[in-house]
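Dumping the structure here so I can ask a few things about it.
Chain naming follows the written order as A, B, C and D, and within any one chain the residues start at number 1.
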Amino acid sequence: MLFKSMVLSNHEVSPGYYRMRVTAPPELLSASPGQFVMVKVRDSIDPLLRRPFGIFDIGVLPAAYDGGCEQVYLEMLYKVVGKGTAMMATLHNGDVLDFLAPLGNGFRMGNPQGEKVLVGGGIGLAPLYFLAKKLVENSKVRLFIGGRTREDILCVTEFERLGIETYVSTDDGTLGACGLVTEVMERHLTEDGGDKTIFSCGPMPMLQAVADIARRRSIACQVSLEAHMACGMGACLGCVVKGSEHGDSHPDYRCVCKEGPVFNFQQLMWV
Amino acid sequence: MLFKSMVLSNHEVSPGYYRMRVTAPPELLSASPGQFVMVKVRDSIDPLLRRPFGIFDIGVLPAAYDGGCEQVYLEMLYKVVGKGTAMMATLHNGDVLDFLAPLGNGFRMGNPQGEKVLVGGGIGLAPLYFLAKKLVENSKVRLFIGGRTREDILCVTEFERLGIETYVSTDDGTLGACGLVTEVMERHLTEDGGDKTIFSCGPMPMLQAVADIARRRSIACQVSLEAHMACGMGACLGCVVKGSEHGDSHPDYRCVCKEGPVFNFQQLMWV
Amino acid sequence: MKPDMSVEIGSLKLRNPVITASGTFGYGEEFKDYLNLEEIGAIITKGLSLKPRAGNPTPRIVETPAGMLNAIGLQNVGVDAFIEKKTPFLRTISTPAIVNLFGNTIEEYAELASRLEQVPEVAGIEVNISCPNVKQGGIVFGTDPKAAATVVRAVRSETTKPLIVKLSPNVTDVVEMAVACAEAQADALSLINTLTGMAVDLRTRRPVLANVTGGLSGPAIKPVALRMVWQVAKAVTLPVIGIGGIMNATDALEFILAGATAIQVGTANFLDPAAAGIIAREMEQYLAENGIAAIGELRGALQV
Amino acid sequence: MKPDMSVEIGSLKLRNPVITASGTFGYGEEFKDYLNLEEIGAIITKGLSLKPRAGNPTPRIVETPAGMLNAIGLQNVGVDAFIEKKTPFLRTISTPAIVNLFGNTIEEYAELASRLEQVPEVAGIEVNISCPNVKQGGIVFGTDPKAAATVVRAVRSETTKPLIVKLSPNVTDVVEMAVACAEAQADALSLINTLTGMAVDLRTRRPVLANVTGGLSGPAIKPVALRMVWQVAKAVTLPVIGIGGIMNATDALEFILAGATAIQVGTANFLDPAAAGIIAREMEQYLAENGIAAIGELRGALQV
């Protein structure tokens, strides 16, 4: 779906990280966690391409006055890393953005009985909040969140408000446990058995470690990937990753935008 | 001089015409009427080049509170014609723009005794207000202002407040006399003799007609030209016009940005 | 009165001159939710080879000033899977589908053309002699007029379908290439393919693209494309299809003025999947508003 | 510790690798109020011919996406006026001035070089064989390796000054051109000059430029320039000077990584007349911050 949105708020939640709320059409309410959006940051050829972002949250604002309307909103959590995100950070309430959404395949919720383990690294936390909101309706959810330093740990309060047990770790020990989020997660997984699904998003080395743990312990595991994208809809073949069957003589490339961004870890080739 | 300015106000004064006031450094107070500025509309590669604009006004805002500072300001009057000016029209108070100014050679004030006749066509009025403000200090000034229709007639009140007799004409007769500004001017010039200087800015056919009148009647006349510009400082040679000596075998090109934009009409080749 | 937007590319009659460019529009189906495919003149499918191709390692794309580089490496499903899996959708639309094809040898080009000759869903063929991404691939054919002509003749002898040759801009003299292809009995010429470029990441000290170089597309290349279309349209009598940085109806009409019979929309499909439809609509609107009865009146109407 | 920013172009030692490109920096003097000329490596003056030249009719420039087209037509004062009027200012600065020159014949190139040989303010010569604007001009020399080599040899025989040859990107094989110029005893190669392009005005149905076509410069061409610099730097042992869309220190360092010894700043001078100075400063700062002792360590350091 293509739509124009108005910025409702755009705040720096931690140095270099922003949370933006924009209006959205009601149809977006049926988007699933893990799906993503592509944003045209400016009505200009600079930047040229849309930028992909996860869905941090979708909700409805009640009518503000009698005769007013409910307003569906979309939230993104983003990190300023380059030109496009820097421009986004300068937007104000009332500015208008152009969206292509929802795109891709989201997380599969799986068996409601099992425990849900969310693992987020840095800005990889972004798609996990919307997921967590849906999961807590039926399941026990724990969140492991890691970052380089304490400023990379975002929105813990929001998750805790959902009643989710949250484990924080930082590489430099400035917040929570000192060490990698995957180490902390593995320690806690050891303590308890039972049916589990891991949902993870973050930098590639982290996802690799998560996938290793999932494989070793035979835990179901879905990962959300990033890739350089041009179209977001399977047309340009720019965003591919190697599937598990990939080999030089039998290529198995998958579009992150269309077949992902969420994959079962077993669908992918891990090196 | 290169400087950054903050937008103080930016209003549509007539459909498609805007007047923008921005902060300026004190050095700009020494700019002469007829000089121009080059604006980097956005901190982006789109648009790429600076856009040239006349100086509509320069002034000083008194300190707003004890311990505050005086603030020099610059005003531009501009018409939305393309990408750059459309983007300018969306700017708000507090936005920041990048200026290269003052550039070029302005109007020479000439003998204070003589009458000063200003002739502006459409947005060509822009540099004449700042000129008028200086001229009325010593001389009698009249303004002839023309446009296609009444919406192209701008800022008459401002000139009248300076005590300037103003003659309006429109091609379609929707405001003032019906007809070309040059016809109206010529009618009035016939009525009276005496030492005069014409200062004119507007579309090329109008300037041509003004120059014709000046030649026929041996009136001193300065015209301000427009040209496509890249550098604004005599380096690219993009903005040249043919000088009066120009011939195929003896080229005489003049830079509008550096030798102009104001020329004595006799310096130029009129076809 | 509704302006006549129809154009002819050889024996192929299009309802309007807006075609989607190969590699930027998948196999058409990807865009059906965003765009009424019946509103555009034709679609051109992703470059097709005899065997499936994996394409290049990633990253394959990167944004550059007002453009993008791609080094997809012509990943595609191969002709068998194309016929089996992609033609059923093409059958459901009335808009003609043109197949963009390439080979590593003359024989491969000819064999592909012959395979497609029997496929009714294929309304025409666009021969890519210009893809800069594949080492042994089009690059040789696309920069040497004799080699290009050989490819075109080989394909021509295997197909009765309209045959478009897509030219590379990475040459000293595009007119020479155009003339050679025209003499080899092409029905039309399309240009330009991408300009070969490169992007560097200062932080990692590596090329951004795994393939090192890639093809530049988007608004950045429009001036080069317009110039080449103008040069070629003056030099040949074949219909010319203009490609390169077309983002809106104004861009498209500029190419028509420069001599193009039709145009292709590439990178713009990524910014707005509905772009091709909007461009077709707005071109028609421009004609209507300016009292132009038929798009043909604008073709080559540039006053130089 | 201050990083060593100095580079050598033949026998010419520059304090840093930032040079202003011909045609975008006038004769240097125009920029003296905006920029400390002592902060940059060298300046290159506007293309010079034996006789004064009028250049093309107007409009001569137009903005395009992330770029601009120019068809100045090599307007210049001619060698006599250059020596008389422009060298006095050049004498007042310690920054070397390189003269960009062109001719319509081999003899003109040679005569110009010989005239400049006696002028002490001229620190080096950049031979423009690539300007696309002048019909009888550089275009032939710039696209044919044999003709280019002939020009270079003719200039070489008349000058002992460092001789840079400026290459055109409007060729199929820039490496072939580079090798030919290297073999003809050039001291360095600079690239790229502008890509030939065109802009059309839909409203008037005319080309925007009076000359119809013009040279494309600015960020739009950076990917093409980087690719060509990388190709050429791999192929020759001469110093290569990178040009094309360099707007800031990051762009400049990308060219150095791709193999350039020095870089030229062109269109960026129009956006910010202080650009060249800022780029030099920020390159040095980058080296300092990253513990790089000398700019040479980055040259060609791209890991491919």
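The rule we apply is simple: contacts are C-beta pairs under 8 Å (C-beta built on N, C-alpha and C of every residue); 3 or more make two chains touch, one makes a residue touch a chain.
None of these values were measured; they are calculated from a predicted model.
Of all the chains, the one whose CA centre sits at the greatest distance from that of chain D is A. Centroids of chain C and chain D (each the mean of its C-alpha atoms) stand 34 Å apart. In whole angstrom, the spacing between the mean C-alpha positions of chain B and chain C is 47. Chain A and chain B have Cα centroids lying 54 Å from one another. Across the assembly, chain B contributes residues 45-46 that each touch 2 or more other chains.
For chain C, the set of residues touching two or more other chains reads 65-67, 218-219.
Viewed as a network of touching protein chains, the structure reduces to a complete graph with every chain in contact with every other. Per the touch definition, chain B reaches chain D in the complex via residues 2, 40, 45-50, 100, 227-241, 248, 251, 253, 258. Across the interface of their complex, chain D is touched by residues 45-46 of chain A. Of all residues in chain C, those touching chain D in their complex are 64-67, 69, 143, 170-173, 195-200, 202, 204-207, 212-214, 216, 218-224, 226-227, 230, 245, 250, 253-254, 257-258, 301-304.
The part of chain C that touches chain A in the complex is made up of residues 23-26, 30-31, 34, 46, 52-55, 58-63, 65-68, 70, 72, 75, 218-219, 247, 267, 269-274. Considering their complex, residues 65-66 of chain C touch chain B.
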